Structure formats: C-alpha cells, structure tokens
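By letter and in written order, the chains are A, B and C; residue numbering begins at 1 in each of them.
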Amino acid sequence: MTLAKASCEFEHEYDQRSKRASIKSFEIEDESYLYAYTPFIRLKNSEDILLIISGRGFSFVVLVLMFVFFYVALQLAKKGKAPQIRRITAMDAIDEAVGRATEEGRPVHFTSGYAYATLSSEQGPQVLASIGILSHVAALCARFDVPIIYNTCIADSLPLVEETLRAAYRNEGKPESYDPKSIRYQPEQSPYVAAVLATLQRERPAVNMMIGGLYYESVVMGEAGNMIGATQIGGTANIHQMPFIIATCDYAMIGEEIFAASAYVTKDPLVTSGIAAGDWTKGLLILLTILGAVMELSGIPVISQLLKW
Amino acid sequence: MAEVDRRVLYWGIFLVLVVPYLQPLGLPITVQETTKTLYDKIETMGPKNIALFSIAGGVSAWAEIQPSMVAVMRHLVRREVKVVIWGFFTDQDLTVDMVVVSVPELTTKYKYGEDWVYMGYLAGGETAVAQLASDVHAVFKADKYGTPIEKLSLMQRVKSAKDIDLVLTIDTGSYIGYYIRHWNVGKGTPVAEIGIAMQTEWLPYYPANLMAILIGVRGGAEYEKLIGRLGDGTVRMDAISVSHLVVIIVIILANLGYVMTRREKK
Amino acid sequence: MSNILRKREMILFITGLAGGMMMFEYFFAVPAVATASTIVRNWAIIISTLALGLGILNAVRLHSGHIRKRTKSQWIFSVWLLGYFVVLTVIGLWNTKFIVYDWSFKYVYTSLSSTFYALTGFYIFSAAYRAFRARSIEATILIVSGVLILLRNAPIGEAIWKGFPILGEWVLMVGQLGGMRTLTFVAAVGLIVFGIRTLLGLERGYYGGVE
C-alpha cells in the first residue's frame, strides 16, 4: 500500500512492429525495501514516502485501535468511570502468603523462570511483568521484615531486580534491610534449576512464587515446593507450562493474567484501565473471527483477504 | 492407594524404564503426517539447495531431540544438501560435535566451507533471528573457527532468509516462533521444527506457517523409520511406551483410591 | 549526570523511543528507521552479552560471602564452585581444547544438564499422580484426553487398540487446538497491552518505581 505516488524504473522491450512495450524486469536497487514476498517498486525521486509493509496493514490498524481504546479507557478513568476488572485470586493470595511467611518466620522465594536467560526475547515481557509483581511482593516483605530470596538466570534483568528490591525497601523506610545477596544469579537453565531446588530444600521458604517465562523448571520447582509444604503461586503465559503450574501451584495465573497482575496490584484506576482496553480489543477480534468464519464458510473471503492486507 | 510416597513412585518408574533397554519390545511405529512432510520436502532437495540447522536447544534436551537431529542430518547429507549451522545456546558446540560424530559424512564426504559451515553462537534471541533474516553478513563476520565469512564459499550464497531453502530449528522453546514471524511470514522461507514433546503448542501453526514438526523422541523414531536407518529414537520408544502405560495405570489407581476414600468418608 | 539519567522521565523517554522505533520499523518501510533499528538491535545483543559479566559478579559476590561467613551446608559448595570457575576460566582463556576444559563440558556439564532435564519426567509423574483426580466432570474429561494423547504418542497404544491413535490424534489436532489457539491469542493481546502500558509509562514495576 502506498500513501503517495512513486515513480519506478523498469526495463522494457519495445516492439517496433506492434508499437507496444512490454515490461521485461523490475530493477530493485536496494534490497532493504524487500520485507515481504510481494515485490516492491524501486522508488525514484521520492521524498519521505511512507509505505506500509505488505501483510502488516491490518495489524497496524488493530494496533492503532488499541491505542484509541487505551485513550478512551484512560479518559473514562480520569472522569471516575474506570472500567471494573475482576479479581485475580492469585494476586489477592500474595498478601495472605506473605502473612503466613511472617508467622512462620520463613523466607519468601520468588523467581521469574528461565525465559531463555535474556530479556531480548518474547519471554522478556513476562519477566518484566514478573518484576512488576516482585515490587509488590518486595514491599510486603520489607513491611513485615520477611527475608526474600530471588533466584534468576537472566543476567540482563539483574539491574532491574536490584533496583526494584532496593526501591521497595527504601519506600517502606527500611533501606538498611535490603540485602544484595538476596538476589542469586546462576547462568543457564540447569544450574538455575539446581540452585532453586537447593534453596527450597535448605532454606525451606514458606512461599514459593514462580511467575514469568517458565520452562521445564516449572514442574520441578513446583513439585519441590510441594515437598516442603510451601504455599505456591505460579504464573506464566507459556502455554506448554500452564498445565504444570495449575497442577503444582495453589494459586495460578495463566496467560495474560500475569501482564494484568502488575497493574492490578497498583489499584490505580489509570493503570488498570489499560486492562479494559485490552479486553475491548479482544472483543473486537473475537467479533472479527466469528464474522470471518461465517463469511469464509459462505464463500465470501473478505475478512481473510483483509487479514493479509 | 490414594497417597503413595513419592519415593516409591520414583523407584517404580525407574525400574520399569530399565526393562525395555534390557529387553526391547520392538513395537511398530506409525509415521505421522507432521513428520512425513519434512521427509518429502528434503527428498525434493539436492546439492543446489541450502538448509539451515538452527540450534535453539541445550544439551539437557539431547534425550528428546538427538534422534531427530541425527536422522534429519543423515537425510540431508544423503541428498547432498548444503548445510549452514548456527545457534543460540552457549553449549551448542557440544551439540554440533555430537552431530558431526554421529554423521561422519559431514567430515568425510562433505567439505567444510563449501558443503557445510558452522557459524557459531549468537546471543540476542528474537532480535538476532530478525537481524539474520535481513542480513546474515551483518551479523556474522566469521565462522566459529575464525574464518572470515568472505572466505567461506557457501556463505557467499547465503545473504539473507531468501537464500535458505529450508530452516530446521532444533528447539526446546520459542525460537520456532521467531523463525515463523521473521523468516516464514516475513520472507516466505519454509520452516520446520525438531522439538521436544512440549512443542505441541506450535501445532496451531501447522501447516500454514510451520511445514513440519518432529515432536520429541517419537518424531525421531518416525524419521529413522523413514530414512531406513533405525537408531536411538527407535530404542527409546519402547521406554516411552512402557512409561506412558505406567503413568496411565498409576493415574487410574490413584483415582480408584480417591473414589474409595471418598466413599469411606461418606 | 547520573541523577538525570535515573529520573523517571529519562527512563520513559528511552523506553518510548526504542519501542516506538521498533514498532515503526515493523510497519513502515523507511530505510533510515530500518538502519537505526538495526543499530539499536545490535546494541541490545551487545548489552545481553555484557550482562553476563554482571551475572558473574553477582555469583562471585554471593559465594565469596558464603565462604567468608562459613554458611552451614553451603560454604563448601561455594568453595567448589568458585574454585572450578577460576580453573575453567583460566584454562578456557588459554586453550578451549585442553583436556580438562573439554572433558568438563563434554562429560560433566552435559551429563548433569541431562540429569536435571530427566528429573522433569519423575516430577511430572508425581505431579500427575497427585493432581489428576477426577473431582469434577471437567477434571474427568481432562484425564481422559490426557490418557488418549499418551496412548497416541506411545506405540503401545496402537498395539492395544488401533482406535487409540485415531482418538488421540483427534484430541491433539482438533479437540485441543481451539483452546490452544485461544490461549495463544489471549496471551498475545495481553502482551501487547503490557507493551503499550510500558510505552505510555503506565507500567512502573520494571524500573523500580524511580521518581
């Protein structure tokens, strides 16, 4: 799709007899224009022409709509008409779990999962959401003087986690209680799993929270937590681990609940309004799905063509 | 029956798993369509084609993915397909060494630099995969052994995703999603996965974006049957059969115990 | 200077700029933005690699603390870890083909990694035994579906009855596919919403709530 006209160059053959030209080939000068498998026309004498890459037009429209929904939800929240969101049981259970840890005098264990040991992946947002939840957990732990242990194998999240914990203790007026050694790093997945198992066996935390980009460690850590009788709160958007989280944890957050959770704990209507915007988007996409299925079965492929735009 | 000590369960499954290794059962294996499509695709490939072997799984997953990796590499070598290898796991050198030892034709029949190359490790996850789709030479300046990319004749043919005829991602997680997004949807390159048993989450993408998927040990056993050279995958399938049966029996027993306990309480 | 960089507005500005650039580059074919995005992505790769150094510092600090305090049941393992770390680092920097280095990775690390991965099987077994109870109709359907897929995967299922693979295949390729797509779909929307919240500065958790 072009938003402006562009000239193009192409080789052509001119047949003297029929006085007709036929295009022989396109000349593509810069292959960085080629993002999709539909051919592009080389731009000549163009100035700041914006071209939406073929196949991504519909996604762009949906993204713009999401921003619009966000704006509407924010405005509603500012006027005091914030959309209501349902309770996330697992997040409500965190307060109770930390209370239990306080009574028993045992630490709280928190981990964000393997997440490919980097923030630069699709697991990255899950880790960031996990760190958002960690800030709430850390605040509670600071308030009730409960030790917190954070195991990780994601090196690039270490500065974020350190700052989160430090800020939590600072905000609770106990900056001296922050212990940098509560953050434990191990490279790679297997050493990380070994370290978490060791932590659970030796230090026997009262609460084990596994929230983030979990992989096979979810079932191992979950069962190990069960063996020591810890209250377990788990959450991940990784579909392949959801059954294990649900089977091993007392409270589970699945799918987008972990992304909503960090907004949920703030209880700030401006922040939680974003969750409603996401729900409105889902509603729209569900409507399109149903409409598309009905139209496709009726032999009208309008929606499916729209998706390829 | 409802509450048996974990240690009894663990010893029980361990002992049960030992039996098929000592006395193979030799149960027949049916080839699934998701495996056959990869075999058919490689059968259409030849010396002019280039396949990418992307290692996105660690040595810990060898038990599941090794049979598939070795079987597929044997097939590629038999068809004389050129192979480019790179990966995203720090222990991938061990995986490449294992494949080279298991498929000696890579060193005896193939010539390094012309028929196959190992480009080495790359950090960066999806960012790296996206970059490679656009420009391989901007990302890799030399191969694993320090040879400049300009001196590798095979890599002169590989500039971006368009130059690869088949992507095989050896995956234990989400890298298949990166290849689908940036290589298949973005550039139209066929993508297949050699994955662990948990990779069934990518089945929704089959066959539109994911042309084939070899799931776990079973995928390896099926591929070994297709190439006519049985190996570790076939051996392990007997253990899989026995363990699955034991799990089913234990679940049934646990539920019987649960029902009986409930009746007693009533 | 560090006070300016630590301010919330600066953090949000950098996040918004980088995120906005990536989004723009994904949708629009503007070579200048594509080039800038490529450079920023390369920076991300470099930062990921550099972060490994941070991790090493954390591990060294933690374990040397254990050794200093003679933490019960821990300090001897910390000695072993740090000692092995130093030895392998020195040897690795000198010659990665040296027998100790090579042997450590091939026969120690590989075996231990595989062992931990194999633990999953045992733990899944005990989790299934403990959790798969037919407490409700939904739980019963879940158990039956799981059993069918187990029998579809294992050749013994077909040996027992030829119908098991067919039923299992149906459950895998039809029955659960809709649910799987839904979860993927929903998680993706939630992820995008989280991303938009981050770009708009509404998500405070990840930078520690710096003011």
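By definition in this document, a residue touches a chain if its C-beta (ideal position, glycine included) is under 8 Å from a C-beta of that chain, and two chains touch if they have at least 3 such contacts.
What you see is a predicted model, and the numbers here were worked out from it, not measured in a lab.
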| item | value |
| --- | --- |
| Distance-to-centre winner among chains (Cα means, whole assembly as reference) | C |
| Between A-B and A-C, the pair with more C-beta contacts | A-C |
| Subunit B and subunit C, separation of their C-alpha mean positions in angstrom | 18 |
| Mean-CA-position distance for subunit C and subunit A (Å) | 13 |
| Geometric centre distance via CA averages, subunit B-subunit A, whole Å | 26 |
| Residues of subunit B engaged with two or more neighbouring chains | 6, 58, 60, 91, 123-125, 127-128, 134, 200-201 |
| Of all residues in subunit C, the ones touching two or more other chains | 44-45, 48, 113, 116-117, 126, 128, 130, 132, 180, 184 |
| Numbers and ranges of subunit A residues touching at least 2 other chains | 32, 35, 118, 120, 122, 187-190, 216, 239 |
| Subunit C-touching residues of subunit A, taken from the complex the two chains share | 30, 32-33, 35, 40, 48, 50-53, 56, 59-60, 63, 66-67, 70, 118-120, 122, 125, 128-129, 131-136, 155-156, 158-160, 163-164, 166-168, 171, 180-181, 183-190, 193-194, 202, 216, 219-220, 222-224, 226, 237, 239, 242, 244, 246-248, 254-260, 262-263, 266, 270-271, 274-275, 277-278, 281-282, 285 |
| Parts of subunit A lying in touch with subunit B, wherever the complex brings them together | 31-32, 34-37, 55, 116, 118, 120-124, 187-190, 215-216, 227, 238-241 |
| Residue ranges of subunit B in contact with subunit A within the complex | 6, 58, 60, 90-91, 123-128, 134, 160, 162, 172-174, 177-178, 185-188, 198-201 |
| Touch list for subunit C against partner subunit A, complex | 23, 26-31, 34, 44-45, 47-48, 51-55, 58-59, 61-62, 65, 73-74, 112-113, 116-117, 119-120, 123-124, 126-128, 130-132, 180, 183-187, 189-198, 200, 202-210 |
| Contact footprint of subunit C on subunit B as seen in their complex | 4, 6, 9-10, 13-14, 25, 27-30, 32, 58-63, 91, 93-94, 97, 122-125, 127-128, 130-131, 134-135, 138, 197, 200-201, 203-204, 216, 218, 237, 240-245, 247-248, 250-251, 254-255, 258-259 |
